[in-house]
Structures are given as C-alpha cells and as structure tokens.
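First chain A sits with chain B, and in the next complex the same chain sits with chain C.
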Partner chain A sequence: MDRLRQPLTILAFLGPALLAVVLLRLWPAVFAVDLSLRPPRGEGYSLENYQFIFTDPQFLNSLVVTAIYSLIVNPLQIAIALALAVLMNVAVPLIGLWRTMVLLPVAIPQSVSAVVWGVGLRPDGPVNALVQALGFEPQRFLTSPDQALASIILIVSWIGVGYWMTFLLAGLQEIPRTLYEAARIDGASRWQQFRYVTLPQLRRTLTFVLVANTVANFLVFAPVQILTQGGPQGSTNLIMNEIYSQGFVIGDARSAAAATVVLVSFVLAVVSIQFRMMRAPEDEER
Partner chain B sequence: MTKPTLAGGAAIFGVVAATSLLLSAAAGAQTTINFLSAQNDDVFAPVIEAFEAANPEYRVVHQSVPFNDLNTAVESRVGSGDSSIDVYAADTPRVPAFASKGYLVNLDDEAEAIEAAVPNPVEIDLVSHDGSIFAYPMWTSSQLLYFNRELLDAAGIAYPDPAPEDRLTWEQLIADAEAAQAAGATWGFMFQQVDRYYQLQPLFESAGAGSGLTGDDLLEPALTGEKWIETAQWYGDLFESGLAPRGVTPAQTDDLFERGELAYFVGGPWALNRFNQVDGLDYGVAPMPYFEGGEPVTPTGAWALGINPHAANLEGARKFAAFATLTAEGSYLTTVNFALMPTNAEGFERYQGRLAEMTEKVGPVLDIMVYEMANTAVVRPRSVGYVAFETEMNQAFGDIRNGADAAEVLEQTENRLARLLARL
Partner chain C sequence: MTAAERVLRTLTIAACGLLFFLPLWWVTVSAVRPQEEIFAFLSPLSPWTLWPRNVTLAHVVELWSGPFARAIFNSMYVTVVTVVIGLVISAKAGFALAVLPFRFREGVFVVIVVSFLIPFDAIALPLFGIMRGYGLQNTYTGLILPGIGNGLAVFLLRQFFLGIPRELREAAMIDGMGWFGIFWRIYVPLSVPALISAGLILFVFQWQAYLWPLIIAPAPDYKVAAVAIAQFSDFYGTNYSLIFAGSFFVSIIPMLVLVVFQRFFAASIATSGSKD
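What follows is the complex of A and B.
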C-alpha cells in the first residue's frame, strides 16, 4: 500500500512545479522551435528562417557583439565582485554601510538605472562635465560606435557587481577560520591564503555566480533597448535586442524564433562547459 | 469570551462577503473598455469623461505606453490574440501592415457614418487597406517652425516670415541658427522628432529624393540615390557641427525648447499646449523650411483608432471609438489637451476657434497649418512593409546623426530592407 502511495504523494507535491515547468518552459520552447521551422511564406517545415538569419549581416553582427560583450563583462564583473567581497569581508568601521552602498544599485530597477545613466552620459550631461572639470576632452559615450558598448558594460556592471558580491560574500563567510589559521601557521602569505584557501573553498559559490552571471549577461536587454536600441551602427546590438526588434518591432516572429533557438542552444553549451571547467579534481575521480 | 468573538467574526465576514458580492455585481453591470495609446492620460481624459457620462454602462480604462513601445504592444498583445485591449491608437501608415496581419476589425459596415463625419477622402484613404476601412480616422498633423524670440533678438536676427510663400529655406535657416548659437543660444536648431522618418521624410521629398520606397506595392527600397545620400549627410552635419545636440531622444526635445536652449525647432502643433503653459517662454511659429530649388513639403498623418478583432467587448469598443472620432464633441475633446487637428469636420470647426486665439501670442498658427494641409502635406508611403521600413529608417537616421557615413548607412539599410520586405 505504502509503496503504491509514495509515488503519488511525490507527484502531488511536485505536481505544481512540474506543471509550471511544462507550461512556462517546455511548451514555449517547443513552440519556438516549431515556429522557427515554418517558412515566412508557404506551408510545411523548412530551414528558411535559419538560412535567413545566418545570411543576415545584422544578426551575424549581433552574435559578434554578444561574444565580445560576454568575454569582457563576465570576467570583469566577477573579478570586481570578488575583490569587493574580499574587501567587505574584513572588519572595518561602518562595514554595514559600505555593504549597503555597494548593494544599493540592485534595488533600483534596471530600466530606471538605464534612464538615469542615459541622462548622465549624454554628451552635454553631468559625466562629461566631470570629465571636463578633470581636464579631459568630453567623450561621446552612448552616441559613439566605439564607446557605446563600453558604456553599456559600465551601466550593467554598476548594477550587477553589488548583486554578485553578495553571493560571494556569503560564500566567504562560510569558509572556516581554522583553515586560514592553519595556513598562517604554515607560513602562507596573504596571496597564498587567497590562492590556496579562499579560491578553492569558494569554488561552489563561484560556479553559481559564473553560470548565473553568464546567463544574465546573455539576456541583457533593458539598458540596450532604452539607451541605444542596438546602435550606433549596431555596436550595442546584443542578441536579445536583435531578437526583440526582429520579433516585436518588425513583426517577423519566425526569424526571431530561429534566433531564439540559436541563443538558447548557445547559452546551454556555454553553461555546460562552465560547469565542466569548474569541477574540482576530487569530483572528477568520483 | 471565545464564542461571541467567533460569532462576531463570522458576522463581520458575512457582511464583508455580501458587500463585496454586491460591489462586484455593480461593477459587472458596467463594462470596461480598454484603450491603448501612446499619449498621456490627460490627453484622452476629457473624451473619456464625456463618453462615460453619456454611456454610464461603460467604463473606459486608458493604458498609456511610451511611443516606441506602442507598436510592440500591438504586435505582441493584439498579434497573440489578447482580448484585454479593445481599442488602440494606430499610426495611419501602419494601417496596411496591421490590417493585412488581421490586427484590425474591418469597419466597412460603418463606412457611411465615417465618410459623413470625415468628408476628406485623403483621410479615409489613410485608414483603408485593399478598399476597406480598418480604423476610425481621429487626427491629422502638420508641422511648424518654432522660434525663440528672445534668442533671435539677442542675435539681431529678424523673425521668420509667417507667410507660406515667404518661408525660409533650410540654407537660410541654418545660417540664422548658427548666428543665434554664436550669440549665446545653447543650440541653434533641433528636430522635435529627431531620427524619426515622420519628420525627416519632408527633407528628402523637398530635395527631390523621393520617399525611399518604390515599386507598385511600395515594397522596394530606394535609398542610395545621390539626393538621398546628400540630404542624409546634410542631416548628419547638423549634429557633427554642434548646431544640434546628439544623444537627445525625441521625448526630450520639447524640454530643450521649453528651457530656452533652442533658437529654432521644427515640431508638430501638439507642442503648442505645453509651450503655452511655460512662463516666460516668448516664442513664435512660421512655416517649415524647404531646400532652395526644391518644393516645400510638410509631414502629415497621425493616429487613428483601431479595434482589436479579439476584443472582449467589440460593441463597446466601436461605440467609444465612434464617439471619439465621428461626433463633433468627442473629436474636439480629444484635441483639448493635445493640439493635433481632428479629422472630423465639425470637430475641426471648434478646434479652429481655439487655435485662432493663439494667433496673437505665437503668430498665425492656424493659417499656416491649413495652408500646409492643402498644399504641401505629403503622406508617408502606404505599404504593408511600412513598419519594417520605418524601423530601419529610424535606426539609420540615428546612426547618421551619431556620425556614421551617410552613403554607407543608406546602402546597408537598403540591403537589409530588400531582404526584410521580401519576407512579407
């Protein structure tokens, strides 16, 4: 009796979650794949949409921009977040205040941050006033194809760094103090303590932050949409913006679905590689 | 003690439940009409109030989204069969694209009433596709050259002549704007709808470059002609030289003129209400400039009201849209807080009276617009490819404004559009 009842009980508890996964994740995914295979004119299935996007200079450019962006923004954000976490893990006066200040941008919606930074980075805006006061030439920021992507990276990092720092800080505080004491007794320097105690102990937290941050950065959309709409000259046309404008602005849902399938496959591939790379040697042996 | 408390709690619960039931029953008697537009709530508040007073069984809820998001909202919500939008504002050149995708109810059964209220066949044409009417014509637009009198005085420049036959050329305007900037204006000149095809099309038409779309169905891009490149480069140079600001969005341009930072400003009449409320802003209006040797051309067209075919409340939706566009009172009320011209003939009579009152302050604004509507207005290309075309053009103008080479950008845009339009 119990044996029979147990799977039912499990199913009852898992039911709502499973239903949500199917309805909110699997069904839309299947729908997107299906849509991506339907040609814009005519019936049946074909690879026409994929053919279209992979010969579209704008889509190809968005892949390049997304790759450059990801290669810069992820290491940058994690390095700064880790440095801040280590800094905030030390007992200094008013530590609560400092931590709050670093975390504060997270409490502001991305869209609001984007609008505020947009005004700040205007060629006649306050950031340029500061730049000029310091004796430099005024910069073009979001209106220059050479600086716009860097400006977007600045804005999303301003928001993201505090958030990821919080996870790393929690991870740091989990590391037993005895490990550091033992290392110090063995004569380890500060750097050696960081390299041989902190980093290995932080592996799990770092894996999470790396994966979650990578995915979040692949899906960055609001700042681009609000500030540049992918311009100037496609220099900030991250793939999410490309999909959005193709699907919802121009109204070509089928090529947007094809681009979505490409994005999801790519993100899954990158994330699985990351999981592999972050696996500890002792995990491999198991 | 426990028992009476419980009983009391039950009694209170009962009363609350009964009340909420009653309230929901009362609310049920009133049908809600959801209305989506890109205007602020205050623009439609007067017409909604009048409609609700005349039809107490309806409640109209206005949902306002930013200009750039309206098309997306229509595409994603109406396109996916969402029934929570009943009426929505559709820019007239988008009507063919929306109608061909099934986003608009065919209104042929009301054609007689619509044509009676809006006798101008051009306006009917603007809301039609394949010989059928698909939206209620609501407003049309024209364009004005606004100028800041104080900044012109400071530079010793004469005010532009308000007579359409003596309008400025762009060449003169730029020279004057440079002089005004040299005399202290933060910026010499700015387009209100910077980077938007609506306001920039007249530049290309005036230069003789054409609309940018050709072919029988207007589905072939033609952007790489010499005049297109020349005019686009002229546009880019305005910003390169620092006469006009980069990095300012169309939503922020009114502020520049309002704060007295701009000597000249080309914009629609809808800015009048706002500017008139600014203390100490001494400004006037004149006709939009044209290129020397070219034709004077002004933009036109504006929002119409479309009905979502999936609307939860089709009847109420049509009733409200008809009130706001086909009755003199309703159509006039849509312009009280937003000085776009009503297409409704009787609504326009009333609108005229109010605009004429502004003449003393800003110049013969009504005469200018009536002249432009009759003589210089050029509609945007009417094609099922217009949505894609406008999107790509706005992006191209943005790039050129930010310093990209005009010829290069136009060529890329033409190639991309040829591919996009071939998929429609």
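What follows is the complex of A and C.
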C-alpha cells in the first residue's frame, strides 16, 4: 500500500465528520465544564457557580419539578406506548394507516405542537368544549399552577407516544410465535402470556425505550418556553427552561454552564445505566 | 380471536389512531375556515366543529405573501443543505471507520459514539457562546453547522457498511480501483436504504430544531419556520387563522416525508433499538 498517500486518504474520508463532531459536540461540552468552573469574579478555577446554583431556590425548584415530571411522564408514556403496541400488533384492515396516525405527531416540530395545543387548551378552546360536553366544569389547564405541568405532560405524550410505540412494535414482532403457542398449550391465560412471554422477551427493547425516553424528557424545552415560560409559580420550570432563562434571560452564562454540566452528567449517568441493564445476567451466562 | 373480538379490536385500533390524528385534523380544518368560525362551533359540539362550514383560502394566500414565507424557505434551505452535506461527510466517515485500515480507528469510533450520547440541546448554549465569537450569529452557516456533525448518522452508516462483503472491494482493488472508486461505485450504490435512514435522521434533526435557531438566528431574515411559528403573535397578533395555516404548512412537509419513507424510518429504529 502507498504509505505516503494513505494518511491523506484517511483524512479526506474521516476529516470533515470528525472535525464537525469534535468542534460542534465535544468542544462545547468541554467549554461548558471550563466555563462552569470560572468564578463570577476573579481568576482561576473554583466551584462558586455550583455553590450558587445549588443554593438558588429557583434552580433547586427546577430540579424538583424535573424529577416529579420524569417520575410521571416516563412510566405514563411507556405504559401507553406498550398498550398501543400490543393492541396494534395485529393484521387488521388499514393497520398501517392507524399506526401512522399515532406516529405522525412526532414528525411535527415541537414548537408547532406547542402552539397548536396552546390554542386547543385555551379556556374557550376545543378541549374545554369536550370537557363541558362530558359534563365537567371547564378547566384552566396551562394557567393553573396545579394543572400546567399535567398539561405539558399531555402535550409531550401526544407527541412522543407513537415514536416509542414504533420501537416496541418492532420488538414485539421479533418474539417467536412458538413461545405463545407453547404457553397456550400449557393453559396460560392472555394476561399470563403477556406477563411471562411478552414482557421478558421485550426486556431489551423496553430498556432502550425507557432510557431514550428519559433522556428525551430531560430535554423538553419548546412547549415550556412557548406556553408557560416555567410558570405559573415555577410549576413547569423544567431544567432546560431553567438553563435557558439563566443563560439568556438573566444573562448569567457561568451559572447556566454549571447547570448544563449537571444536566449532561445526569444524561450520561442514565445512558451508562442502560449499558449495564442491556447486559442482563442471563445474557452473560450464555 | 372470534369474529366479534376481531371487529371490536379493529374498532379500538381505529379509535386510537383517530384520537391521535384529531388535533392535526383540527389544525387542517381551522386553516381553511374563516377566522370567526374557529371557535364558533364548540359549545355545544356539532358536526361543524370538525368540518368547515365555509371554506376560504384567504389566509393561506396572506400567509404566503407575508414574512412567514421567508421562514419556510429558510427551513427548507437549511434542511436540504444539512441533509446533502451531512450525508456526504457521514457516509465518508462511516466508510473510513468500516473499511479503511488505520491506526486509531477504534479510538475515533469511540469519539463518534460519545458525541451522540451528549444530546445537542444540552450543549447548545455553550456552543452559542463559542460561535458568537466567530460572527456566525444570523447566518445560514451558523444554522447549518450543528446539523452536519451527526455522530448517529456516521454510526448507522458504519454499521451498514460493515455488512457489505469484503470480497467486493478486494475484487475492485485487483481491477485497480482506488478507495474513492470503491466508496462511490460500490458502497454508496449498495447502501441506499441506510443512506435514506441517515438522511431522515439529519432531516428530522434540522426541521425540528428550535432552541438552536432561536438563539443563533433571531433576525427576521434568518428565522426558521419552527421559531417563526412560536413567535407568530409578534407578526400577526392573535390571528388564529394564520397560526393554523402556518402550523399546517410546517407540519405537512415532515409528515409527507415520514409517510413516504416510513419503511426506512422503521429500519433505522430496528438498528438503533433492538440490536447491539
């Protein structure tokens, strides 16, 4: 092989992508760590920005809101996505169309979904019309501190559930039919088939969906920034909105960088748990 | 399943599909009805709630003659350039990582994987701090750049290229073909489905982008559709007809892309989800 020209060939193939990935993904992460360690005044490095954000009631509140939100939205979305996947894992007329209808919202920019649902959830909007037609009092939705977070959860679930359903459907279709036949011969009920065949066989897909969904939900931004700006009374101040308002509205780039580092650490921790869980005991025994 | 169960299940499935589709249908209907009728048929609910009693295209025309047309054009331009450039550099990198023998291949591969484990939106603000210093605010370059460095696209293509038998390139080398020839004449033509999947990843990333364009390109000339729609009231007050018409056009483009390429979308899901 031509030794002289070889490094140039590799550079020509790999250079642009590697440069883009390093400059546009990794460097900003390093830059954020560096910036977060610069004290607001003075030279050198210190943990002052971290001390500040971890004593800042607004940041601490955003962590609590993000935790509550995550604990509700992830199980909820996965339960609905799994139920839909099991329901739709059957050959009935137009099944492709029905699946596509559930998946379509994910194709739309989140900002558009936020704007549309913002109009839909207006006090005199169609959702309240439906609520009243069912015999209930009209609700305040996004303007109520008690209902705003639930409204955000409704919106992001409408967006995301079809996406996760598609992964779970792919997982369901890989389960060998013979397992169900064997279970039926043993007299297993529908529920037992689901519990002892479907769930264990779906473990890898479910783990992936759980982790990817958790990360995606950590990053929810457009619906919050467009519809509530974190309010009312901080009830929807998810961490991405907190970082944005810290960095752009207040203009404290160093605290925002510290909060960014906290968020990225969370994300990487969740992803590394995924890698652990994907390698479950029974896989290692094989 | 008995016949009755089958009918019941089909109806349940159809009901779920329609329930998810309902908001999109409402957007479409509201985009073509006169503005005063958008909230008119809600209490009590009537067939006119979901079917336009009067159809007008007046605000569709108004939309396309206003600043929003520019925003849609910006989105299309930025997305097309991202997909084209992103595909070229991702495919070349995927080829290098799958085929070319070189010393730090494993190390470079780890860098690529780590890069897509860090979600872009999380590092958008620090990147803004860097790019602002290079005068990339309010430029197409600033909008496009983050979209083309996509580690996931590189990863996907590498995985696909690894599955192409090495005998093919060995035969080509005996015929005197160089690496570029092998890449362009053998690997690219054999990889159309993977290229479409990677193209979809690049497309969705850029068309959906909100936080990045919001901060890097706030000037009206460079505003993309996803941002413009969120700031609609700045242009049009509370003209809901225009908001719905805008939402319709921003949504219909990715929906058509999804419907046309759904097969490849599912394929990319299968690679990233259930396999190693």
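One rule holds for everything that comes next: the second predicted complex is superposed on the first by the 249 of 286 C-alpha atoms of A that agree within 3 Å, B and C clash if a C-alpha of one lies under 4 Å from a C-alpha of the other, contacts with A are read in each partner's own complex, and residues count from 1 in each chain.
Here, contacts are C-beta pairs under 8 Å (C-beta built on N, C-alpha and C of every residue); 3 or more make two chains touch, one makes a residue touch a chain.
Quick caveat, the model's predicted, so the values are computed rather than measured.
J.: Clash or fit: how do chain B and chain C relate after the overlay on chain A?
T.: Because the two structures are overlaid on the shared chain, the partners are seen to clash.
J.: Of the two partner chains, chain B (first) and chain C (second), which one does A:D252 touch, if any: first, second, both, or neither?
T.: First partner only.
J.: A:L23 contacts which: chain B (first), chain C (second), both, neither?
T.: second
J.: Have a look at where A:F167 lands relative to chain B and chain C in the superposition and call it first, second, both or neither.
T.: Second partner only.
J.: Just to be sure I read the superposition right, which of the two partners does A:F52 touch: chain B = first, chain C = second, or both, or neither?
T.: Touch partner of A:F52: chain B, not chain C.
J.: With both structures superposed, pick whichever of chain B and chain C touches the larger number of chain A residues.
T.: Counting residues of chain A touched by each partner, the higher count goes to C.
J.: So, A:D124: does it touch chain B (first), chain C (second), both, or neither?
T.: Both: A:D124 reaches chain B and chain C.
J.: Tell me the contact category for A:A67 with respect to chain B and chain C: first, second, both or neither.
T.: Neither: A:A67 stays clear of chain B and chain C.
J.: Between chain B and chain C, whom does A:A182 touch in the aligned arrangement: first, second, both, or neither?
T.: Touch partners of A:A182: none, neither chain B nor chain C.
J.: Which region of chain C runs into chain B, 55-63, 163-171, 217-225 or 253-261, after the two models are superposed?
T.: 217-225
J.: Touching chain B in one complex and chain C in the other: list those residues of chain A.
T.: 124-125, 244, 247-248, 253
J.: Touching chain A in the complex: which residues of chain C?
T.: Touching chain A: residues 6, 9-10, 12-14, 16-18, 20-21, 23-24, 26-27, 39, 42-45, 49, 89-90, 92-93, 95-97, 100, 102, 108, 111-112, 114-127, 129-130, 145-146, 148-151, 154, 179, 183, 204, 207-211, 215, 225-227, 229-230, 232, 240, 243-244, 247, 250-251, 254-255, 257-259, 262, 265-266, 269-270, 273-274 of chain C.
J.: In their complex, what parts of chain A are in touch with chain B?
T.: 40-41, 52, 56-58, 121-125, 140-145, 229-233, 244-245, 247-253, 255
J.: Would you pull the chain A residues touching chain C in the complex into a rising list?
T.: Residue list for chain A touching chain C: 6-7, 9-10, 12-14, 16-18, 20-29, 31-32, 35, 84, 87-88, 90, 92-95, 97-105, 107-112, 114-117, 119-120, 124-126, 128-130, 132-133, 158, 161-162, 166-167, 170-171, 174, 204-205, 208-209, 215, 218-219, 221-222, 225-226, 240, 243-244, 247-248, 253, 256-257, 260, 263-264, 267-268, 271.
J.: Quick check: in the complex, which residue numbers of chain B touch chain A?
T.: Per the touch definition, chain B meets chain A at residues 68, 71-72, 75-76, 79, 97, 101, 245-248, 387-388, 391, 395, 398-399, 402-404, 409, 412, 415-416, 419-420, 423-424.
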